[in-house]
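Below you'll find the structures, each written out as structure tokens.
After this come two complexes, each holding chain A, first together with chain B and then together with chain C.
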Partner chain A sequence: MSLTTAHSVVAPSSNAKLIAGTIIIAYALISIVPLLWIFATSFKTPPDSIAYPPKIIFQPSIEGYCNLFTTRTRQTPEYINSLGPATGFCDETVRKRNMVIAGPSNFLPRFVNSLIIAFGSTFCAVFLGTLSAYGFSRFKVPLADDLLFFILSTRFMPPIAVAIPIYLMYRELGLSDTALGMILLYTAVNVSLAVWLLKGFIDEIPREYEEAAMIDGYTRLQAFWRTVLPQATTGIAATAIFCLIFAWNEYAFAALLTSGTAQTAPPFIPTIIGEGGQDWPAVAAGTTIFLVPILVFTILLRKQLLRGITFGAVRK
Partner chain B sequence: MAEIRVQNLRKAFGAFVAVQDSNFVVEDGEFFVMLGPSGCGKTTTLRMIAGLELPTGGKILLGGEDVTMRRARERDIAFVFQLFALYPHMNVRKNIGFPLLAQGMPAAEIRSRVEETAKLLRIDHLLDKSVSGLAGGDRQRVALGRAIVRRPKCFLMDEPLGTLDTEFRDLMVHELRELHNRIHATTVYVTHDQMEAMSMADKIAVMNHGVIEQFGTPREIYDRPATMFVADFIGSPPMNFLKFGGGLAKGAKEIVVQGAKVAVPEVREDVAPADMALGIRPEHIRFDDGSKLRGAIYGTEYLGTTQIVAVETADGIIKARVPAGIHLSPGEQVGLTLSSARLSLFEKGSGRAVRTAMHDQAAEARHG
Partner chain C sequence: MLDRTADNVARATPEPLAKKIRGISDKGLAWLFISPTILLLLAINIFPLFWAIYLSFTNYRANRPNEVVKNLGLANYQRILGDHDIWIAMQTTAHFVFWTILLQTVIGFTLAWLIDRKFRGHAFWTTIILVPMMLSPAVVGNFWRFLYEPQIGLFSYVISFVTGIPPTNVQMLSNVELAPWAIIIVDTWMWTPYVMLICLAGLRSIPEYIYEAAEVDRASNWRQFWSITLPMALPFIMLAVLFRGIENFKMFDMVNLLTGGGPGSTTEVASITLKRQAFESWRTGYSSAFAIILFVAVFGLANIYVKALNKVKQR
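What follows is the complex of A and B.
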């Protein structure tokens, strides 16, 4: 250690670091504990999940996951005994409760619906958003400011305020309870966010890049594809995450507009009913699985996301 | 390579006229510099030649072909930007080869052309490096490489040395001129730096407020500035002006400045009485106690072999460049002798230079 420690005006002091660290840890705990509770609940048996006082230490079971993916019927012990040996772990678990597996539940198709609708609408929103943002950024668009404001204004209202008109329109158009309808709807909601975010990113890419490419013999579209797009990947990734998070988690529209074939996971999960009320381990298992795709996507793109959030804060 | 002919070129952005009726010809293989303060219209002119802006009026001919309204990619020109515009997601090799890729050239040929170009610019050891790690001078060389690899009709450069450090800049000025001497490419170079312009150009156009004030060789522009703006813009320190009154008659060889008679090159036109200015380059002033034109030493700036001496006269401060050996102390009274043959005369109102024997001699020298 040197004898004198220079006092830096930019580096935070150790006290400040301690306070910041404490706040971050406290916030992390508040955020993570409910998730951990859900995760733990998904491995409890139904009696354990509603035990009072709540059990923190318990015998893990995958009954919740078995129940999530199957539908079951209650049978007499005689009937169950008359069946052959259990075909799998789930079969065995279910038979202990005097039930047999009748077939697969709706969870998997609902989950696939969520994937199709969320990723589909994210792709559409980012695709349209990139092109519009490029247009607003590079060309003299008549009434550009008003148009941008109009695009932004579509996000002023909460979904529930427009839900009924959209419900009526969708019924007329035959878009109710269709994946296409949900993709269109989420795209419409997300495209405003995408245009605004991406315009910021594209504004920061010097137009000299395209001009150089156009002088070098490329068309504008080729120049856009080969010079602007590669440099906008950070922005596109950040925008895609924001759009995906919205579309993946969206509940209000999904609950109102989908009920069967196009139902997504968020309105489906709360409807999982077990014997004598909610099957909490199955609900928790559904929630846990539901969290995985967005978690993976976010971790994969976390660098871009971080750069996206802090983008424009410091000018180079 | 080709000549560039610009005819009555005009560009207006709404009510603001950026370029006013420009006319000039850049001959095949010439290094042409457009020089002027920022906002004078030089970059706009360059962008119109490139096809990045469309002119409001006038014509641009490349090698005799009218390209005024053609798209940039159909003009077969190369452009070097101030910020180089190197694609950060490609390495040096891909950056240089990018224009060839557009032409659909086979990969093997692109490879050999890129390597040849890199060798010419002495950057062949950098080919597989990422452009983001390069030093300023090397970035500049890569940008030049991307321009010359295609062997276009002409090169357009927009302040390509503007962002470099002084040491790199001097080096690149030298390299650019050397490169030009080797490949003889018609070049239009835009800068606000007179040193760059003077040391590289075959021809210079000095622009101000969208108007070309003078078009000529560096020597013409320095020795015989066509306007007071050019005289003031070129030279460091710039030309001194001393005012005098009255008109000029054809054949006059003398004027009166601050009560002192000053011999000037023979006037070759009649000028109606108006405010006039005598223009003197700092190096054309000598100290001579016998002279009637007098001033007091105001300050000196030591430059090694010479010194710049500020002299306070009745008409404000003028600067003289004299040998460093002369000792002068502030407040000292000195007489000023001016090199008569090198003086310029201006009409103050219009800023226009008066025609004198100096111009005629130059014209004769050119024809003879």
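What follows is the complex of A and C.
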């Protein structure tokens, strides 16, 4: 496909393409380096992770992952020698540093909290969002534009400003530091996105399908269930992923409103410390585990991404 | 209001179709479908907002719930508007918002323009570039703290390697001059792809025949860029600026983990001040007043901007 075969007189020349491609690839590589560095750090030993100059080539180790999932105590070599043989790779690695595993760390429960809260709130937001979007899309709702703007405007509030009264309200209701409280809050934040995105998707489904179904004897509800929903699955899936990513990544509310039992991973990861400061390989390991689902979702979503980040304002 | 909704819906339904409907009527259904969302938002967003407005007129402190609450009238608002620290925080926020938006718009638009040359493999590299904006700002802030560590951090190492500054002197986060730029760099790294993606949509929305016509009229490339590309992509650029502006005005998580507002208060943006006042000093009434002021500011700016945006779109 060189310029001579292109039908258009305005197609970029191959030189322009080469220069553009080089700059874009250079930018992409530079912008991905921090992530690759975190990934590499998660497989370094603590001394390697803080070596000067920074080590690009190193002996990979899973010590970071061991430290992420366990808590350890320092012991005398005599005590460690008096123990039986090490019961696994992590045990062995830890003993080399004159420590023994004391028990599991809080990472796994925090990670599970993140899963429960993200999936719970996504389900609720998409459920409510689908119903409202259908309502706004198909029925003449008075003040529809004002209501839609109201729904969107709840997103303009700074999270800390919302957190002050929510903190007091949850304290009264006994919802502080509970998964239910967080699910309700994230649902409320995400539902605005869900309504706006899904309204766009449902608007694109021709009304004729439902009308035909209703003439065939379906009720409105049956028509919604059997003709609209199946056609909206792509939109619903894309919306769900956006809600999931928001809830998964959220930090401000989680940091202020949860402290223990319902704490999610984002406020937990920065608190992972080792002896004498942050345990960077363990932090990097936690970060890596936390980011992998997002990478997968980004790739799945790449065609809908634009729509999602602009609340459906820009469609391709 | 809801009754009226139902009436209108009933009137809007064509007669023969309405007869076909069994079970729940359309008006019932519209009500049933929309009200749960509105109720949830009223409970979790609007009720707390009114509570915050009430608190903003009092001296309430959340860590002393049993103390008698006094009504202060507008005293909290007066104190905030006269508070030197608050103005410094607003200035820090303005500096952060201005530079991040400027850098992200310039770099983002340039990248989009280059990607629009449609070189081989552009879709793959675009996806790679998009990754940072999908990540958790808190986790991003935390791991950039590692990259910024003097000596051992990759960023500091590269800077000292390139510039020859001794590695222990590259202290992005503890240097008063550099810390504001440290947060601007991270935000730009993270959110340039966002601006780029929206600009790309703008560039792709320009029909090719306009360029073909310009080519026939022998307009130079430079002229084509200024007379066609930029004006037609402008509504999209403004949309990106609007979203980024609102988000960065509210910025909390990334900055909180990267610098926590420090050193001193050099990177203390409005949300960090708010958090310190509300959840560290426990001046709940005072911080509620500040929260209301911030909310009104965001809302007002966004409204003005949306109006401007619509004007540009109509042109």
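We adopt the following convention: the second predicted complex is superposed on the first by the 270 of 316 C-alpha atoms of A that agree within 3 Å, B and C clash if a C-alpha of one lies under 4 Å from a C-alpha of the other, contacts with A are read in each partner's own complex, and residues count from 1 in each chain.
By our rule, a contact is a pair of C-beta atoms (placed from the backbone, for glycine too) under 8 Å apart; a residue touches a chain by one contact, two chains touch by 3 or more.
These figures come from a predicted structure and were not determined experimentally.
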item: Contacts of A:E211 with chain B and chain C, given as first, second, both or neither; value: both
item: Dominant toucher of chain A (residue count), chain B or chain C; value: C
item: Partner chain(s) touched by A:A51 [first = chain B, second = chain C, both, neither]; value: second
item: Partner chain in contact with A:Y27 - chain B first, chain C second, else both or neither; value: second
item: First (chain B), second (chain C), both or neither touched by A:P230; value: first
item: Touching partner for A:S82 - first (chain B), second (chain C), both, neither; value: neither
item: Chain B versus chain C as contact partner of A:T219, first or second or both or neither; value: both
item: Residues of chain A at both interfaces, chain B in one complex, chain C in the other; value: 211, 214-215, 217, 219
item: Sites on chain B touched by chain A in the complex; value: 50-52, 71-73, 75, 77-79, 81, 83, 85, 87-89, 98-99, 102-103, 146, 150
item: Of chain A, residues touching chain B in the complex; value: 206, 208-209, 211-219, 222, 226-227, 230-231
item: Chain C - residues contacting chain A, complex; value: 1, 4-5, 8-9, 12, 17, 20-24, 26-27, 29-30, 32-34, 36-38, 40-41, 43-49, 51-52, 55, 62, 111, 114-115, 117-122, 125-139, 142-144, 146-147, 149, 151-154, 157, 167, 189, 192-194, 197-198, 200-201, 204, 208, 211-212, 215, 236, 239, 243, 246, 249-250, 252-253, 256-257, 270-271, 274-275, 278-279, 284, 287-288, 291-292, 294-295, 298-299, 302
item: Contacting residues of chain A [partner chain C, same complex]; value: 8-10, 12, 16-18, 20-21, 23-25, 27-28, 31-35, 37-38, 41, 49-54, 128-129, 131-132, 134-136, 139-143, 147, 150-151, 153-154, 156-169, 171, 184-185, 187-188, 191-192, 195, 211, 214-215, 217, 219-221, 245, 248-252, 255-256, 266-267, 269-270, 278, 280, 283-284, 287, 290-291, 294-295, 297-299, 302, 305-306, 309-310, 313-314, 316
